[in-house]
Each structure stands twice: as C-alpha cells, then as structure tokens.
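In structure tokens below, several structures.
Two complexes are shown next, each including chain A; its partner changes from chain B in the first to chain C in the second.
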Partner chain A sequence: MGYVMDIKTDDYSIRHDSESATVFLRGFLRLDGMEKYQPVMDVLLTAVEQSAELTIDLRELEFLNSSGISMLSMFVVKVRDKGNVTLTLKGCDKVLWQTKSLKNLQRLMPSLTLVFA
Partner chain B sequence: MNSTMSVQIYGEFLAAVPPSDEYLTLNFSPHNAPRKQRWKNYGLSADFLGDYFAAFFPDAAVPDSKINQRDTVKAAVSYVTNELLENAVKYTTTSGQHPISISLHLYSRQIIFHVTNCTDIALADGYQQFIQELLAADLDEYYLQQLEKAAAGSGQSSMGILTMMNDYATRFGWKFATLDTASNIIQVDVLAYLDV
Partner chain C sequence: MVRAIEGLSTVKLWVVYSSNRLFLLQFLRACFRKLQPLSHQPCDPETPPPASLISTTVYRAEAECSPVAEHSEAEIDHDDSREEKLVAELDALRQEVQRLQQANRDLYLSLATTAEHGDLIEAQLQQTNEQLQAEVEERKRAQATLKALIKAISKRKDDLEIVVQTIMEHGDVMDTQWSLKLTEINKIASLDALTEIANRRRFDEHLEYQWKQMTRERSPLALILCDIDRFKQFNDAYGHLAGDDCLQRVASALNHCVNRPSDLVARFGGEEFAAVLPQTDLEGAIRVAERMQRAIARLQIDHPQSLVSPFVTLSIGVACVMPASDLSSEELIHLADQHLYLAKQQGRNQIIAALAPSYPTVL
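The block that comes next holds the complex of A and B.
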C-alpha cells in the first residue's frame, strides 16, 4: 500500500494521526461531485487499513456538501462490510450540518459510535 | 416523452411568490469562467447569502439546540443555497446562453428560494423521473435507499435534494417549461421553502 499524503488547501485540511488512530477533517468541504472526493477517501481507507479502531474527528468541519455526505456514507458502508472495525465519528453540536445529517450515517451502520461534544 | 411538453408542475409550486419586504437576487452569467472557478464562486455566494439573511435574525436561543437562531439561519441558508446552485449547474445545458438565477425572499417564519436555469430535454427528463420517484416514495425510506445507492457509488443518488428535504425539512415545487420549441430548451424553476 502506498503512502497517502495528508491534504491541506486554503479551504480544508485532512490529517491522519496514526498514533491516536484519528483522521481530522477541518474547514469547508464542497468539492464538485463524489469523484473529486477520492483523495479524501484514500486518506480514510489508508487509515482504516492501519487500525481496527478508527475515529473520524469532524468537529472543526464547518461545511460539508451532499457529495461529501455521500462520500462519508460510502466510507461507512465499506467499514461496515469489512466487519471487524470499530468506527467512531466525533461531531460538534454547534455545527448545524453535523446535528442534521450525521445521525443518518448511523442508520447505515448501527454499530457506529457517534459522539457530540 | 416530453417533446410536446409545454409546462409540467411538481410538488408545491406557487404561481407567484408572495411579496416580501426583503429579497435578494443573484444572476450568474453563463460560461464566464471555467467550471472549477465558478464552483468556488457558488460556495462563496452560498456563504454570503447565509450571512446576509442571518443578519435579520436575533441571536436568540433555539429549543433543544446549542446553536442560536442567527447561526442556525446562516448555516441552513448556506447549505440550501449551495445545494440548489450545485443542482442547477448539474442540470444546466452547456450549449445555452442562459444565466442561472437565485432569489431569496424573506418572510417572518420562512425563506423561499427561487432558482432558475435552462436545460435540454434529456437532462430535464432525468430530473423529472427523479422527482416523480421521490414524490411517490416515503421520504424516510427513499432517503436511506438513496444513501445506500450513493455509498455503493452506483449512479446519481440526488442526495442534495434529499438532504435538504429530510435533514432541513425544506419543501419543494418544480416547474419545467419549454422555452424554445425549436432548440428544445427547457426552463427549470425550483421553489424551496425553508421554515426559520
């Protein structure tokens, strides 16, 4: 498996911290369609190959468009179908889209842990 | 099937948007920049409209929420505007010379979004098929079904409209009107109603 770089642009950053088995998504993510999310997906897939327990920290992700929500759904379903991974999503209850849309991902994978701080 | 179509209406489509004291319209000229640059501008416009309309609301507490009313309006308007513009771009024909237009009308408990774009028959047909499927389905079930479809990466899931409806309780009306029979240009008008 190739080394996957973290991603940083003016609008958002994606960082995988192997030590805490956490991927941090920050900023404003509104890419043009699901295929444009592949680099983000690659960071998530690499992270989940490395740990049986993974956390995605979304607390500082202020905006995610519906293509991004689809990308997260795709990742959650891949993890669900793998079967042996404990997945936690960390959200912030002061970010509206997270309070509105994250609970739907739990419907795709009931064992998914969703924590709001 | 729509070659003889003149006007098709779906959902809650008001013949005329009621007069409002506060409204704002943005028109995006066609083909003025590459799609990537325009895409960034739609995001900026969504944030601007969120800030603009949030300014009419107090920072009062919202029951069962840690987000005050002003910030709730800001984030909801920004999300809905962004998805409506992304959708308009997705369903806009590249051969036309027609702008995409978005207007927001403010009322005491509601914001009405009106988006206009022009498309061709093939795109309009696909859009109308989705709308018919959506209106015939149970929203909650259909949402989960389309989310699974998006997760499987199989074709268009239209999660934009579904998240607006399911997560933000936005209601919709659509009008498809043949603008120019010779060139088969269809004007799509979308009305989205967001309670605030």
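The block that comes next holds the complex of A and C.
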C-alpha cells in the first residue's frame, strides 16, 4: 500500500490519524471537479484499507462544494460495496450543509453512523 | 446346402412310413426338382441323385416300385399327365418362391434401409436434442447473468439517483449557507468594529440611497453631525481604553435616539457621529438633535477637562434640504459640517441649525 500524504493548503486540510482511525477534513473544500478531488479520495480509500472501522470527522469542514459531496457520496458507495467496514461520519449541527447532506449519505449506506456534536 | 440336407432328412422319414409307392416316387421326383435349384447342379428327374445325397433305402424303394409301373400303362399315362401338371405347378411355385425370395430380399433391404435411416434420424435427433439442451443451459446461464446485471444496474441507478438528489440538495443548502455568510459579511463590512453602529462606508451608502429616494419623493432629507467636545483631552486624561469605552457608550445612546427603519446613526470618523433622517424637516431634525443631547447628558460620563460641563457633551450641526437632481448629497454634508463648526466656534455643547440661504427648506 502506497503512503498517501496528508493534504494541507490555505483553504483546507485533510489529515489521516491512523491511531484513532479518523480522517479529519477541515476548512473550505471548493476543488474544481471530481479529478481534483482524487487526492482527497485517495486519502480516504487508503484509510479505509487500513482499518475496518473508520471515522470521518467533518465538524470543522465549513464548506464543501458539489464535486466534494459527489466525491464523498462515491466514497460511501465504495465502502458499502466493500461490505466489511464500519463507517462513522462526525458532523456539526451548527454547519448547515452537514445537517442536510449527511442524512442523504446515510440513504446510500444505511449502516452508516452519523454523530452530531 | 444346409436346407437341402434338412430336406433329405424329411425325405427319409417319408420313405420309412409311406405305404404308397407311387406317391413316394412322385414325391421323390418332386424333391429332386426342388433340390436342383438349391444345390445349383443340373439334375434330371430320371437320373438318380449321387449316392452321397440319397441313401440306399431310397433306391430300394424305387426298385420295388417298378413291377407296379409295368402293371398299368393307362395308369402311367394318367400319372404322367398329373406329373406334368405338378411340374407346371412346381414351376409356378418355384417362380412364386423366387418372387417371394426377391420380395423378401427387397423387404430385407427395405427394412435394413429403413432401420439404417431410423438410426440415422435417431442419431440426428439425439444430436439436435443435445444441442438444444446445451443451448437451453447456455440461455439459462445468459439469463442468470443478465438478471445479475440488471440487478447491479438497478442498484447503480438507485445509487446515482440518491447521489444526484444529494448533490442537488447540497447545492441548495450551500447556496443558503453562502447567502447567510454574505449577509453576515455585509453586516460586518457595514459596521464600525469599535462602536458596533454603522460605519462611514454604510453612512455614505445610505445617504446616497436616501438622497435619490427623497429626490424622487420630493421629500426633505435631514442630516445631523455631532462631535464629542474636547475628546482629545478626555483621551489624554483617561487613556485610550476609556476613550474607546466613551465612544461605545455615546454611539449606543445616539443609536437609540432614532426609531424609524430608514433613519441611520453612524460613526462618521474619530469622535464624530452622524444621523441620516429621511422625510424629516429641519424642525424634526432639531428635535432628534435635542434628544441626542439629553441622552448624552444622561450618560454622565465624567469629563473634568471639558470647559463647558463636568460630563461629556456634544456639539451638533443640523442641516436639512429638499434633494434635487442638480444638487449632491455632499452639499448636505458640507452644510451640516459648517453648522457643526459654528456650534464649536460658539462655545460647544449646543445645536446649530441655521439654514443656508441658497437651499430651499421646509421650515
């Protein structure tokens, strides 16, 4: 398995903490198209390969554009099809998009756990 | 040949048991004729058959018959005629036998052909059946594959529908989120960070808007400009933090002196404040200015360095014009500023609302 670098820019950061099996997404994710989201997807896929129980912490992800939610949807479908992964999404009920969109992701994968703080 | 020998065994039996010698002779002749085609050897009925074929018993029987033949010529003629008939019948029978044999061969051939044909057809049917079975199996497999494919595609379609809906709703909610953010940022952009009332930028915007609005409505637009008296001395005496606190309290008090949504109190700069009052004549504006003066007096912010009062006071300039397209809002500001300057000049802690003669007023 190749080592996937964490990603950090002025606008956002993606960090995989292997110890807690958690990927943290923070800031403003407004990448242009699915292709640009591939590195983010790679971090998530690598994390899910390493652990059967994965948490994605979105609490500090204030903005996510349409390509971003599309990427997240595809990731959830992949995890569901993989079949042996327990996935948890941590959201913040003060971030409007998280209160709406994360519920739709649960429709794609009913076993998905949503935790709002 | 086997059949011929079997025939001879029968002949022996007849010789032993028959008492009619004539009949026996005729029978033997007939037998010889019969044997001829079977043995494929030329055979004269009068000539005795080879010893190998006829046993001695037979010849003895014929020898014993001869006295009988001599006995009656008429009988013999009669017998000849019967014999000819029998020969003819035998010929006919032989032909019949040949025909039947031919027919038999034909039938056998036909049977063989039919059987062979049947086998062939059966083999073909078997082959076709096997092919069909294989085809059925193949189709079953194809059907199963297709079903699995349809199931997979159907699942994919459901997924995509949810994804599309998610993206769409996400787009909408992000729009809302951006819009809220924009409103918040606009609010921040139009507020003075220290006093949290409208800043100069917001003041300019609002004044310009109301100027155009009042021009259309042909309504008066009033402006109040005020300044905290001797604020520099206040700062020097109490420090900048106390100065900031003073500014905050004065701003808040002034802000509470106007009620209508179109009225706006703003920090004009430094220790200067302004109030834009649409649809307000000079008299109304002076009333607001007086209210402001009282509100600040009620605050009773100590200001020992002020020469006019122990507390913080305001110098106020009031102006009111009927906006017109050939005038600009800057002229209203200029006028109010002149009145403010006058108020300061004339001893501070007072309101000046003198009208410039060139402007129409509603007083």
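We adopt the following convention: the second predicted complex is superposed on the first by the 117 of 117 C-alpha atoms of A that agree within 3 Å, B and C clash if a C-alpha of one lies under 4 Å from a C-alpha of the other, contacts with A are read in each partner's own complex, and residues count from 1 in each chain.
Methods note: contacts are C-beta pairs under 8 Å (C-beta built on N, C-alpha and C of every residue); 3 or more make two chains touch, one makes a residue touch a chain.
Note that this is a predicted model, so its numbers are computed, not measured.
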Touched chain A residues, chain B compared with chain C: B
First (chain B), second (chain C), both or neither touched by A:T88: neither
Contacts of A:L96 with chain B and chain C, given as first, second, both or neither: both
Partner chain(s) touched by A:S51 [first = chain B, second = chain C, both, neither]: neither
Partner chain(s) touched by A:S13 [first = chain B, second = chain C, both, neither]: neither
First, second, both or neither for A:L108, with chain B first and chain C second: both
Contacts of A:S70 with chain B and chain C, given as first, second, both or neither: both
Touching both chain C and chain B, counted on chain A across the two superposed complexes: 63, 65-66, 69-70, 73-74, 77, 95-97, 100-101, 104, 107-108
Touch list for chain A against partner chain B, complex: 28, 30, 32, 34, 63, 65-67, 69-70, 73-74, 76-77, 93-97, 99-101, 104, 107-108
Chain B to chain A touching residues, read off their complex: 35-36, 39, 43, 65-67, 71-72, 75-76, 78-79, 82-83, 86, 143-144, 147-148, 150-153, 157, 159-160, 162-163, 166-168
Partner chain C, residues of chain A touching it in the complex: 63-66, 69-70, 73-74, 77, 95-97, 100-101, 104-105, 107-108
Chain A-touching residues of chain C, taken from the complex the two chains share: 159, 162-163, 165-167, 169-171, 173-174, 176-177, 180
